[in-house]
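Have a look at the structure below, then the notes.
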Amino acid sequence: MSVSNLLQNWSTFRHEHPINDKPHAEIKWAMTIDLDTCIGCNACSVACYAENNLPVVGKEKYAHGQSMHWIRIERYWGETEVKEEYDPNSNFDMVQQDFQADQGAQFLPMLCQQCEAAPCETVCPVGATNHTEDGLNSQIYNRCIGSRYCSANCPFKVRYFNWWNYPEQENAWPEPLPLQLNPDLTVRTKGVMEKCTFCKQRTYTARNNARSEGRPVHDGDVQTACQQSCPTNAISFGNLVDPEARVAKQWEQQQVDLAKEKQEKDEKADNKLRGYRILEELRPYPSIMYLERVRESAV
Amino acid sequence: MSKRSILALYNNFDEAEAVVKELRTTTIKGFDVNDDLIIKSPIEHPEVEEFLGNKPVNIQWFTLVGALSGGLLAFFLIAGAQGNFYAQSKGGKPIVPFPPDFVLTYEMFILGGVYITVLGFLICAGLPAKRSPLYSAKVSEDQIGILVDAEESAAATLKGIFTKHKALEIQEEAGK
Amino acid sequence: MIENGFDETTSHSAKPQSEGQAAGYNRRDFLKTLGWGGTAVALSGCGNTSIENGKETVVSYVEPTDYQIPSIGVYYNSTCAQCDAGCNIMGRVREGRVLKLEGNPNSPVNRGKLCGLGQAGVQAHYNPDRVRQPLLKGEAITWDKALGLIAEKLNGVKGEEVAFLTGTMSGHVRALLGNYMDALGSKNHFVYEAVSPAVERAANKKMYGVSMPRYRIDKAKVVLSFGADFLGAWISPVNFSQQYAQFRKGSRPEGRGVLVQIEPKMSLTGANADRWIAARPGTEGMLALALINALGTAGLSIPTDVTAVVKDYTPERVSLDTGVSFEQINRLAKLLKERSPSLILAGGAAEGYAHGTQNAMAIALLNHVLGNVGKTVEAAAGVPFPQIAPIPGSRSALTALGNGLASGKYKVVFTYGANPVYSAPAVSKFSENFSKAGFKVAFAQYLDETALAADLVLPLDSAMEEWATEVPEYMAAPEGNVGYAQLSVRQPLMGRLYPDTRGAGDILLALLKQRKADEYKGFEDFYAYLQSAIMKNKAALGGADCADDKFWNDTLGSAILPLKGVAGSISAKPAIAGFALPAPVTADASYPLRLIPSISHSMRDGRNANEPWLQESPDPMTTIVWDSWVEIHPKTAAQLGIREGDIVEVTSKSGSIKSQAYLFPGIHPDAVSVPMGYGHQAMGRYAKGVGANVFAMLDPVYDKETGELAYHETSVKISKTGERIIIVKEEGPARGSQVGRKKIAVKVSADKVDLSKEV
Amino acid sequence: MHRFLRLSILLVGMFFAVGSYATDTAPPITTEDDLGPQVEQPIEFPHNRHAGLHDPADDADPSKPAKGGMEINCMYCHTYARRSMVAGIPPLRKCIGCHQSIESVKETPRIKKLFEYWEAKKAIPWKKVHDLPDFVRFNHERHVQRFVFQQNRPVQEACGYCHGDIKTMTVARRQKPLTMGWCASCHQKDHLVSASSSETSHGPNDCFTCHK
Amino acid sequence: MGKDIREDIAWAQINNDVLKSLENPRKLYWVILFAAMLVFSVGVGCEIYQYNVGLGAANMDNPHMWGLYIATFIFWIGMSHSGTLLSAILHLMHADWRKPIYRFAEAMTTFSLMTAGLFVMVHLGRLWQFYYAVPYPSERWTWPNFQSPLLWDAMAIFTYLSSSVIFLYIGSIPDFAIARDNIHPGWRKKLYSILALGWEGTDRQWRNFRVTYLTVACFLIPLAVSVHSIVASDFAMSQQPGWHVTSFPPYFVAGALYSGCAAIITLFIILRYVFKFEEYMTLPILKKTVRLTFAIAMVWTYLNCIEFTATWYSHDQVAKDVLIQKATGPYAPFFWGMIFCGSVVPFAMMVKKWQTSIPVMFAVSLLLNVGMWLERWMIVAPTYSHGYYPWTWDHNQWPSLIQWGIVFGSFGWFTLLFMVFCKIVPSVSMYEVKEMVYHRSLAKKKEELGLEGGH
């Protein structure tokens, strides 16, 4: 490549990949999480620790907000109508009194949303986080210099920074625990940002296998670790481009369009669908669709 | 034909101006006011230019070339790097986006301008150079120096003029 | 890591381990090569990006194995040992080491899924605090010496002076233990589980005629659960979660199911319920009977004998006793009547009382009245081989053992899979009694409290290293196969990490050889015993027309042996005697609050406390990690002036603990709750000293019919110590409030969405 | 004035030089064979003898030590390459499999050493020659599938792309730079999709492909 | 009002006075120097520790990804702007009262930029890989991400730093020549000989010098504005509530000039005393600087109000929450501290008597700087503790001693560099003071002549 290449391919370089004018061709990994079946059991989170070599940081560091769970389960309570208007002057100790438990709690697994227009990607000074062909928001550990701008700009705060040298100095894996580490991906050391990758080691293996066999990736060829362990099948994961994939069907059925920041169905008064994306209005175009929690009103 | 350099020191600009005026009117063999006369002063003094006549300053051309090439270099370097950076697809943004590139081009425009201007200054002002042997520390203090190059034969005439105008000190040295 | 780790070792399911070792297994190489496969910290130090030549060694196989390709993970099937549900798992094995556990998709129990607790099984295996050699009073000794010592100590001891305490047991290890006890002439096999559905078994037996029926949550339109945390820690949670997923599907012919949970402290199941009702602790049975009354009023035909029994429990009266509103009871009755079939479950929170069995029976009666028995409550099949059928554990077994120990009856005591020194209430003085036994042998994977109190500790293999079989007590079945039963095989997924650990089966076999050398000399190890035991019954196990080798390989390949189960029969007509449900106790002024020891879904009874993933996995309800806590209702807390993070002292008549207060809206205002499983004094670096042990402070109140410890009968008082800390938890200062951001976690009423067409 | 003209030319020249260098940093795809350091191996394995080209002169007198090679397919020994990320060093058994029936060389020092390892059932501690940093995951399978099976390239050419002209070496040495830019330069090139079609595609160009 | 400078100072006297500062300052100089060294070495120690164990040592967390390092970074970048203001802007405006004080202001620019650069490094998780952010053709075939405002920052700072160094150096060449001519032989004389580049003060040199100086000054002004507005875009270009504000660039620039001027007052007072520059750094000049500072303080206050009101009246509820949280939450003391120091304290500068009172101005200028440092912290931290996602709120974060240590160390580092500089390079521009004196005396002469003529 050279200057002539630059001039030749000028129009290509001006494409706004991947939103709008150049959608994903073969694969766009996406996820659906059904909050109605999510029971909040944390199996996905443990599976993620096992699959992705996440360090256990211990109580003290957890207290400092330095935990490394790529998928965290958030628990929400019902709130009374009076308190809907947030009063920042109120003491947080008091807020809790207005939590309602009679319809149970709500759980929400929060992981990297693999945004199409990811706020983190544009700000990394070294380009350690990029968009991949398969629609993943990649984080390249060995490129990362730890400026943490990506996390600063992430509205979901799902990027996790290695504040300490967990493998060596912190001894997060005392012998023989290192034998459990997954050799398919690196163990991160201090100063590196990390986050959910939609189990890239699995998606890439599936993709490679399909290519070797000269076929497209079928639905079910690859499961993420969280999806695989979920006891209630609340998580579905697959290729949004493949119309046969469960994920694609769900998105279609829920009328959620990846490339829109406002879904048409939400404007309609008689909307009976429960698919939504979190903080969609900020226009990161998240790749994870959540399905609203349902509660029976008859009891 | 040997040459001779003479330095005369004066107390203030008025005296120096008078000397230069006299030199200008006197015809001395092998001495041209425009080429062979150098004024040394402790401060920048616009009046010196007036009585020495207009001499061109060419630094602005350096500035122009520097700023333009800095800007161009930046844009092509950055756009080229972005085009060639292996897979630098950023969510929802073109690979060669204009706004950030303009910011950087702007910075490089200034950087190029400053660097080349300074380069121009060094070239135009003939720096760095060895100090000429005829130099007096007084010049950096408060005196005005007039340095002339002339033929051996004219030395006496020049010295005469210098003394006439109450030179504080006269140094001379044979040139090559 | 490019030329990735491969070594000559294999752990190979289709061959016994000894053969694997014969095939060039070299432990040193094994660890070495694995070392750089796993610990290679790719970004270590200065992130060297240059290419190095000849700095690293690549170790190849001496002999190739056709089933193992470097860098490619192979899955081997086995059975989970983390709890008693008996989920079938598969382990991903690469270059001779197991990396990750996943559910076996062919299993009717967990259908390819696995909970966090199960997945942490690899951390039990690779745990840094495992016992690695036989220990005699803390000193390492050889196996020969250890076994010799046992023989010596047993010498001259009468059979009835030997006791064997185990956790729930089934399969061939159980059979072998039975044989050993016979050989010793002892009948003192105590099966103890700190947390077990023993009360429920007894009530079920009376009401359904079977102790462990099969529940069909997936078939029910309404599930009304009285404290059964079936999504969290009750009986077979992964199976129930799978059923629950079906139950909640709007596209199911029955439509989306409705879950109502009645319990004083919100469990994971309660958190997922459409309606969570905090009845006054202990009044669950009454509420069930009131519901029958209300159902009758609503027009459901109730058998007259039932009407007679329940007539005193009118909704009006019960509403006062339980604190559940009259309208709520009627609404529930209406729902149950309209949506049939339903399923009524009774769990620990309804059973932990002196009248626990009565409560459970009253609740089961509701199933009869609603006609659910036979529809959503099915008879499960039993295994055809009684000697390998599970012996369910109970708490009363410990009482019996404790009494025997106190009287000095037992000279030699073995323990295996139980940690009574930790989980017995302090008032029962178990550890004191335990020390009275002359010689105590603990089969242990960790130096837990019981192992530390023992004289001799025999190091056990982990579940990834040992051979065993297991029969789950709760027998799940594939759809449409009511008479299904299964035998699950647990097999090594890799070579032993430490050469000096043994499987429980191997140890028992060695002990048996001391007694009946002739009978057992043909079995080189437990593997040989197991193989011969299974092959002997090949025909009965459905392998009649299968070649021996193939049958054996298939068995190990699937690790599930389907059995033709002994059909159980469920009685449509329960034996109804009069219920004697006591009125709710008026609070003792000095101990005004009811203590609810909750079963944390990952800690359970504390046996897995040394697995760091579980310690760092936040409790789903409170999001607290690495510590225990005291849940208090905000109103109660306000009365007592307690704020979040206050260190409070919870005192019962039998003891007290100190822990951090957490204000929790999902608890009855008259109750406080503390999770079990924390507060270990020993066991390992991750468990020791984390939290407080709630077992120790339980009052010695027992269920009148089964003799089980009544967990929820402890009254406590609570006082501030003056200390205050910041709780280490996952939720931030907003505490699960979304403060005006409406599109984070969204809740919608069922009538506002159309679920029937969902994919 | 000339001075300023010269300077302008200099500056413009500098601009183009720097600009075109910087925007055109693709390392050439075929590099000079820059032999990497000699790596001391436990047994000096002669790749040339096994994989080297047959020398017709050897046929004339079978009694003399052969000069040419036996043209053994790379994947005969490096058998995992086509089905796994790693090419794999052949297991000891593979060497023995042939060598126990080759009497002619049995007494040579190298083969003796080989049998010593075999008898001790000890793996040979080969040194890595093409050792990439740990965070780089090169996938042999994909490359072999793509270039050998789909594109029908000769094996030695396909493997030699990265491993150099192994058939002429005894102990393998690194000939190619194996830097990221070097990998990338090939990935950006269009390659035939298969031997039968004229369709081309380039290698994947997202970072996750190699960095995991 | 007194004179900015006496017209009758002999030129030789100027040389003498200034060169003396290179030789024997007051004892206080050494006290400051060693104190700075001490503070700096504490910072170095902290950094070594942090480098070894990881950034956890700074006690940052998720979501508090950036801590005092970035806040202090902005502070130092801001401080650099005053040098440009005094030397370039006032130069173009022919305000000759700048002449005695611009040299040290420019040095301040250079050194505070160098300090700011340090924070970029200190902040990095993998400092040893910082070169990944440098655009150079590498064997990896990768480039930095030019879309990142951090890279613009790096580029702008590099440009600014190198231009400032050049500007400072060019402007000092005639003074190096003076020092070369007057200092007794030794290593310093050799150094000055090299630095003076053979300057003789010829008419050709002066001619080119003037144009160059003017040109570079012209470049520096837009550069300075761009640098701080780019720093502002680190925040404004992000999406976070409280940062995504269009008025940030001018706000940052105003803040920068403000803190810079305050720092100039502080250093003015210190240098005046330490190097006995009472003749040159006169109180009337101080007064002018103080008035300038006051004007900028009011601009800053105005922009502050703009920012708050714009947030208040916008529809962005989240940004509003952040603002309210800032003013009432755990950060309230710091927020109100900033308002007090930044907007209230400057009114002390309105009091005429205090404008020339050294102790009052010293205290005021220090307070202003504290306020401006708090401002930067209040920009960075509250957004993190109260972002878009309530689940991740965190009100317990507090920088560790290591973090504070490095922040304080930076003050030592700056002071150290500055003090060493003042000992080596004439911190008052001799030739320009001569010019000033010359012009003033000419003017006086003219005045006198005019007066005489009038008679």
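The first chain written gets the first letter, and so on, giving A, B, C, D and E; residue counts start at 1 in each chain.
We adopt the following convention: contacts are C-beta pairs under 8 Å (C-beta built on N, C-alpha and C of every residue); 3 or more make two chains touch, one makes a residue touch a chain.
These numbers come from a predicted model, not from an experiment.
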Farthest chain relative to chain B (centres taken as mean CA coordinates): C
Chain occupying the middle, per Cα centroid: A
Length of the line joining the C-alpha centres of chain C and chain D, rounded to whole Å: 54
CA centroid of chain A to CA centroid of chain B, Å: 63
Whole-Å gap separating chain D and chain E, where each centre is the average of the chain's CA atoms: 56
Separation of mean Cα positions, chain C and chain B [Å, integer]: 89
Shared-contact residues (touching 2 or more other chains) in chain D: 19, 22-26, 133-135, 137, 177, 179-180, 184, 188, 205-207
Set of chain B residues in contact with two or more other chains: 76-77, 80-90, 93, 120
Of all residues in chain A, the ones touching two or more other chains: 1-3, 6, 67, 74, 86, 122, 127, 130-132, 141-143, 186, 192, 279
Complex interface listing, chain C residues touching chain E: 46-47, 49, 726, 731-734, 736-741, 744
Contact set on chain E toward chain D in their complex: 137-142
Of chain A, residues touching chain D in the complex: 1-3, 6, 130-134, 136, 138, 140-143, 184-186, 197, 200-201, 204, 208, 211-212, 214
Residue ranges of chain E in contact with chain A within the complex: 53-56, 59-66, 123-127, 129-130, 132-133, 142-145, 147-151, 154, 234, 237-240, 321, 324-325, 328-329, 384, 387-389, 391-392, 394, 396-397
Complex contacts: residues of chain A adjacent to chain B: 1-3, 5-6, 9-10, 12-20, 115-118, 121-122, 127, 130-132, 137, 284-285
